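One structure, pasted below without further comment.
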Amino acid sequence: MYSSPLLPREKVFRDPVHNYIHVEHKVILDLINTTEFQRLRRIKQLGTSSFTFHGAEHTRFTHSLGVYELTRQICNNFRHNYPTKAPGDGLWDDDANRLVALCAALLHDIGHGAYSHTFEHIFGTNHEHITTEILTSPETEVNQVLRAIAPDFPEKVASVIDHTYPNPQVVQMISSQIDADRMDYLLRDAYNTGTKYGLFDVTRILRVMRPYSEGIAFESDGMHAVEDYIICRFQMYQQVYFHPVSRGMEVVLQHLLQRAKYLYEHHQLGELTPTLLVPFFENDFTLHDYLNLDDGVLNTYFIYWREDPDDTLRDLAHRFLDRKPFKSVTYSQETRALIPKMRDLISAAGFDKDYYAALNDSYDLPYDAYDPSSKEPKTQIEIMAEDGSLRELSTLSMLVAAIAGRSTGDERFYFPKEMLAKSDGGLFTPIYQEFQSYIHNGALAFPQRKESTDDDL
Amino acid sequence: MYSSPLLPREKVFRDPVHNYIHVEHKVILDLINTTEFQRLRRIKQLGTSSFTFHGAEHTRFTHSLGVYELTRQICNNFRHNYPTKAPGDGLWDDDANRLVALCAALLHDIGHGAYSHTFEHIFGTNHEHITTEILTSPETEVNQVLRAIAPDFPEKVASVIDHTYPNPQVVQMISSQIDADRMDYLLRDAYNTGTKYGLFDVTRILRVMRPYSEGIAFESDGMHAVEDYIICRFQMYQQVYFHPVSRGMEVVLQHLLQRAKYLYEHHQLGELTPTLLVPFFENDFTLHDYLNLDDGVLNTYFIYWREDPDDTLRDLAHRFLDRKPFKSVTYSQETRALIPKMRDLISAAGFDKDYYAALNDSYDLPYDAYDPSSKEPKTQIEIMAEDGSLRELSTLSMLVAAIAGRSTGDERFYFPKEMLAKSDGGLFTPIYQEFQSYIHNGALAFPQRKESTDDDL
Amino acid sequence: MYSSPLLPREKVFRDPVHNYIHVEHKVILDLINTTEFQRLRRIKQLGTSSFTFHGAEHTRFTHSLGVYELTRQICNNFRHNYPTKAPGDGLWDDDANRLVALCAALLHDIGHGAYSHTFEHIFGTNHEHITTEILTSPETEVNQVLRAIAPDFPEKVASVIDHTYPNPQVVQMISSQIDADRMDYLLRDAYNTGTKYGLFDVTRILRVMRPYSEGIAFESDGMHAVEDYIICRFQMYQQVYFHPVSRGMEVVLQHLLQRAKYLYEHHQLGELTPTLLVPFFENDFTLHDYLNLDDGVLNTYFIYWREDPDDTLRDLAHRFLDRKPFKSVTYSQETRALIPKMRDLISAAGFDKDYYAALNDSYDLPYDAYDPSSKEPKTQIEIMAEDGSLRELSTLSMLVAAIAGRSTGDERFYFPKEMLAKSDGGLFTPIYQEFQSYIHNGALAFPQRKESTDDDL
Amino acid sequence: MYSSPLLPREKVFRDPVHNYIHVEHKVILDLINTTEFQRLRRIKQLGTSSFTFHGAEHTRFTHSLGVYELTRQICNNFRHNYPTKAPGDGLWDDDANRLVALCAALLHDIGHGAYSHTFEHIFGTNHEHITTEILTSPETEVNQVLRAIAPDFPEKVASVIDHTYPNPQVVQMISSQIDADRMDYLLRDAYNTGTKYGLFDVTRILRVMRPYSEGIAFESDGMHAVEDYIICRFQMYQQVYFHPVSRGMEVVLQHLLQRAKYLYEHHQLGELTPTLLVPFFENDFTLHDYLNLDDGVLNTYFIYWREDPDDTLRDLAHRFLDRKPFKSVTYSQETRALIPKMRDLISAAGFDKDYYAALNDSYDLPYDAYDPSSKEPKTQIEIMAEDGSLRELSTLSMLVAAIAGRSTGDERFYFPKEMLAKSDGGLFTPIYQEFQSYIHNGALAFPQRKESTDDDL
């Protein structure tokens, strides 16, 4: 259906995770060379996690190339092993779908911004909407490249990302419980953090994927590789993504942006203007404004603010740039009642409790089996027997059953490290002591120190 | 207490799993150079598994060096971080224990023979008793080397292996749910089979091990590495150790040895005498006889028997040497009743059912938590909080809880591949058909093809 | 001599290259936590190389931790295996030297700035002088932490970095033909680029290092590991560090900064002020100004300039941010004469030749043996026989001899990709054709396409 | 031309080096299942090297699968990227050549026996002739499988192995300076020994291989990967294959077999008959006899001989089984004259000098460029520029030029370790002293201890 000229000679990019990224189509190379895609080089994949795992300095650029490469390999497998017998039988039709899938894979994160999660929370942006806008707005280079394939091609690619594309195989390649996106980030994050939790047998998983009418299933002789992937994902969430210290940095970042916004709105921001952020402070920004932002731009303004007259802004900027995370304790339904009291003590110790105390929870369902009572059932992982019958993964795997449908995050209360001081040599000592008495009595009985951190809580 | 001169310069052996094996003490080098230890070069670690995973050609020699190396690292950690404050406080006393631990680690498998499990079954040997004998009998070179340290040293080392050594840390280093033995074999078997299941973060586990009065505990910030080890072990059992094709070769081996013994006892064995096996056929063997055996000796006699006049012996020898495993189906309580009928069909097809049909089950408990009602409680894995309190692993880990106390093997019925033939062009065709009808109706509804095999069952 | 309290418990940071970075001394942790050291998180190790090898996104922060860790391991080796017999025998005295070595290792790159090489060229800064200043100026946090050890400690550490520290072992650990710095960057750059060229057996090299009166020698049984390191280094230079496309981006960067400086000096820069760069444009900057700069700050101003009224500045900013490297051809003594003509053609095609043409050479001596006639002899690598006698490496290794004293770079002429166009549909077509005729006749007869690039020259 | 049915579903074998071995054709699976191919499971790839590098326990079976897999990948590349335009243009014609190439790759080592090199020397066998015989003799299973493809197919496959097959690409795939055989063994030996020397970028090399009229060339952008392969090969020879201790074991083996043959011929061999060796002692063996031999058979007879009445045979068998290598010194033209004197001293110390002294040299040319004066020019490695022109590798690579045409082995004199004793407490002490005085004066001035050995010479 859609087609793009092949490059005169396949191009390869050396990649530490997949060895090589193979580019065969001109359209892919052209997309990589757009200004919107090159911007991803300046946005870290894991945000504040690199403050905990120093090796995690990789960007959304490298991740996006990886998702593209895995999708390419899945498509190759499907084309080679499951060529469509007849058009319209609901199964994989390579000609119609391949190019859509490859472009969607490459561009699925194109709308991400600097420190996305936090930034969106403060400024009301939405990276998914922006992704669609980048794909479909005629002002972007990405759109121009896509449109050169066919006038409706940009919308087709966008529809994969918002899950409305009619072919379920293409949608599930890019977004499902076990898709090219998740597989690449687990492998890449494991590689760069240096943890071993994210390693699983991607070659085998790719090999046992097969299209069926409802999407993608996994042949039964790869069941254990799929199981292993689910376990790896579970462990990466527990050990890396939910790390309390990374979240302690995220809390600092959130308060820092909040404070800056407050000061801007009250005309109290210092004289160094954060030009590229102004449209966002004024809630009047264009796509062009959004695409000018990246990690370095935000950090640059944090450097400005590290010398701002406002004590809170200055201090929070310093804490973020110089890695002074807030500390935390977990809390539960029972111990939750202590938090207002602890906030008051933080105030009493001289901190503005609106900026120096926070709740933060992190939850993820490592694998959700279909649940009829659930309102938003996620795609389940289907294992296909030799006779073509399907069984949902958790009915076959003890390990997956153990974690299916169970959230694994925790809820934490964050506060400045200063509250853990033995003494300030004066006034605040009794405040610290009272604060710490709550921690030792009220927090989780069995706190686990985590690795890769100089912080105990 | 015990001491051995240090080598003038530490010696290293290049090792693919641990990079280097470091030898500091003369006694260790002398033990490696004994005839009993060198014999381990000629005994494969995984027996018939290399028929399924062709890379698994490593021997008990390399594994033993690996167990020694991990034990050395644990001892170094204990000496460095937990030097005994006072003698007799029940904790790690390096001077008393180090040399005992190192020798026990190196020698823990010294009594293993060729295809141990099967051989013991047929000839009534016991590799654990033989290990003790090799250590304590004055006729062995191992005993002579050990005795040079102190007259009671051989018995001390032996007592570690039979779990009667008074220091529980030393015993648990070598033999517990998470010991140097299991850690080395999981890593080494994963490396050589090329599977990724056995990989876990051994560096971290070694780092968080610490001695306490009842043995060895694991600091809480390494909990997830320990959890990961348990999962890896679970997966290795499911994917590698219990592989149905390896067991299909073991069944052939068992019947082959049984037939040879029967023929010898009935004076019907061919004229080529399996000299080194004769003492075992006659049930009158010495330690010296035992130490003359290895994989190659048994295989040599199988080559003799591949040309024996007896049809059954000749055929079984061919099946073993040339890798013709028996096929299998799983059975359950319900389908068990079909087996006598299937055995009769095997007879009807012209096979001696005593040698061409077999039941085989494989079970392992991946991790047993303490169970007060159990008669033989295994050591449990204890996680130590910062305050020194202990919690058993499965109370902290959802994943471990999911598999604790659950056996993971299966029960299989083995038979010749010929029974799966479509037709023999004559007489046996209906027999085959009836046989196969039982398989398709009676066996496990969801058979999973496994990797690394050309066999479907 | 100098001492720092040990941490209550050794701290570890997970590292993808060395597995863990171990921190034992409080001073090291305090240095890591300084604002000057945290700044290194925002400066890429390889500058423009990540435009060619997309995985090369790692920073000087992670590299500095790695150099520290290797130095720690060397010190441990020396302390363990070569404890000084008598003070003042000229050999390794751990008490006097260990802490100096560790701090110097950690801080050796502390003065590096964003895109150092190019920045220094344009603005006349010098990262080595700035390193010394950061160590010794009382205004820095680094200095305060160092001074807490002893008043003369900062200068001691600085003297290692400028090679005047009296103990040659310490100096050579940090800076010699085979030092912790080079070993870490080869391993880390190989890991992150995904190339295999930088891999060598670091464990063995560390193991065979030994102190002697003139510095550090390598025992003869590690000779081949040292040889392999030299080859790896040679290959990394050829394949990664000298990659023509990375240099094509560096040329763009250099001209971009030059143009901005020119415009600032002529009051023609647009209205968005690059505040943090102003002191450098005015050649009146403090250490504080310098420490405010990082990759992100420069990139932020490039984003400003991408919309500057000046055509050249705007275009160059676009080329840098959106990865449009200049193309290149090699030239030699013979073909050098063509360059003025080619520059004229670039002008004729509408480009300012001062900003759109450049010469660039890259040279490195992979290993320099001592050369009596040389004015600045580098430290040579000495191999120590068992009898203590020394032999310089290239006298023992055919491979090292082959590359010793030979520079391996090349000289290239850079120009805009547009000059390679087939046609512009009009005026410039004959210019392009003439330009290209020089390339095909005059350049290196056997140009090698390089990997990881979409560029042919 | 030739064709084989495809398997209903591609079969994979897990492989530690190539991840998976893919089998698509029934003929390949059938060949793997022959008795002649399964025999390779019982023959170690590296012979006595596992006495030095304990991990090197892999067999010719796994290596042969690996060579097949690499050849399969090369064929896939050629078919995909260089389909023949016209039949008979001298280039790669997949239909005609693919199956021949795959079978030749799998079977190229089928004629190897136990400890081939030494065995051939003593018994006059020739593994290359035997390979041809196994392929073409109608009595083998291999021949039957091959013949089922076409009557002339066995000879076609054999002609690849003896280099007379008309298509030079097929011949060079299996046998040239850079072929599937060498690539697999370097990678596999490096993996199993645990050394890093044999690692090179095989993916890239496969990618840049291309057929041309005279065989296989390498595209210029992979030149450095090819260079790296040559260096790796050079280093593996120096560090692993030529290791003096492995050769010290080979010398023991050679003398052991020689002595046994002598005793058999003189009717002095003990009463335990080495049945399977008898045809070789009597120089009257069939192919069937040859195929009954393997490492384990020889070792079994060595166990017999370890208790033979003949002192020399008994002692040599013990030295081999229990790893007591002869020691060695290198000698040169100058020091060669000392050897007769040293042999006399060995006699004087009570050893039969015919069995306890030996010369051994090991030479390999790491890469031979074409040399017109050479009588047997080897295939050279050709690098192809973008314009299709060819340049021989060493004209482009400084490193390859450095080692091209230079042999890298050494010549050694072997003797019993006893000669290095300080004293025997009596008669022999002056003999030892004189012997050792020659070593210290006459041998190589700069002996290099090697890794992975407990031996100094």
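Chains: A, B, C and D, in written order; residue numbering restarts at 1 for each.
Throughout what follows, a contact is a pair of C-beta atoms (placed from the backbone, for glycine too) under 8 Å apart; a residue touches a chain by one contact, two chains touch by 3 or more.
No experiment lies behind these values; they were computed from the predicted model shown.
Give me the step distance from chain B to chain D, shortest route via touching chains only.
Shortest path length, in steps: 1.
Relative to chain C, which chain has the most distant C-alpha mean position?
Result for max centroid distance from chain C is chain B.
Just give me the whole-number Å value for how far the CA centre of chain B lies from that of chain C.
51
If you average the CA atoms of chain A and of chain B, how many Å lie between those two points?
Computed from C-alpha means, the inter-chain centre distance equals 43 Å.
Multi-chain contacts in chain B: which residues touch at least two other chains?
Chain B, residues with two or more chain partners: 12, 19, 195, 451.
Could you draw the chains as nodes, link the ones that touch, and say if you get a line, ring, star, complete or other?
complete
Tell me, which parts of chain D touch chain C in their complex?
195-197, 199-201, 204, 219-224, 227-228, 231, 234-235, 238-239, 385-386, 389, 391, 396, 398-399, 401-403, 406, 408, 446-451, 456
Note which residues of chain B are touching chain D in the complex, please.
Chain B residues touching chain D: 11-17, 19, 29, 33-35, 38-39, 41-42, 50, 53-55, 57-59, 61-62, 65, 191-195, 272, 275-276, 292, 294-297, 299-300, 303-304, 318, 321-323, 451-452, 454.
In the complex of these two chains, what residues of chain D are touching chain A?
Checking each residue of chain D against chain A gives 12, 19-20, 203, 207.
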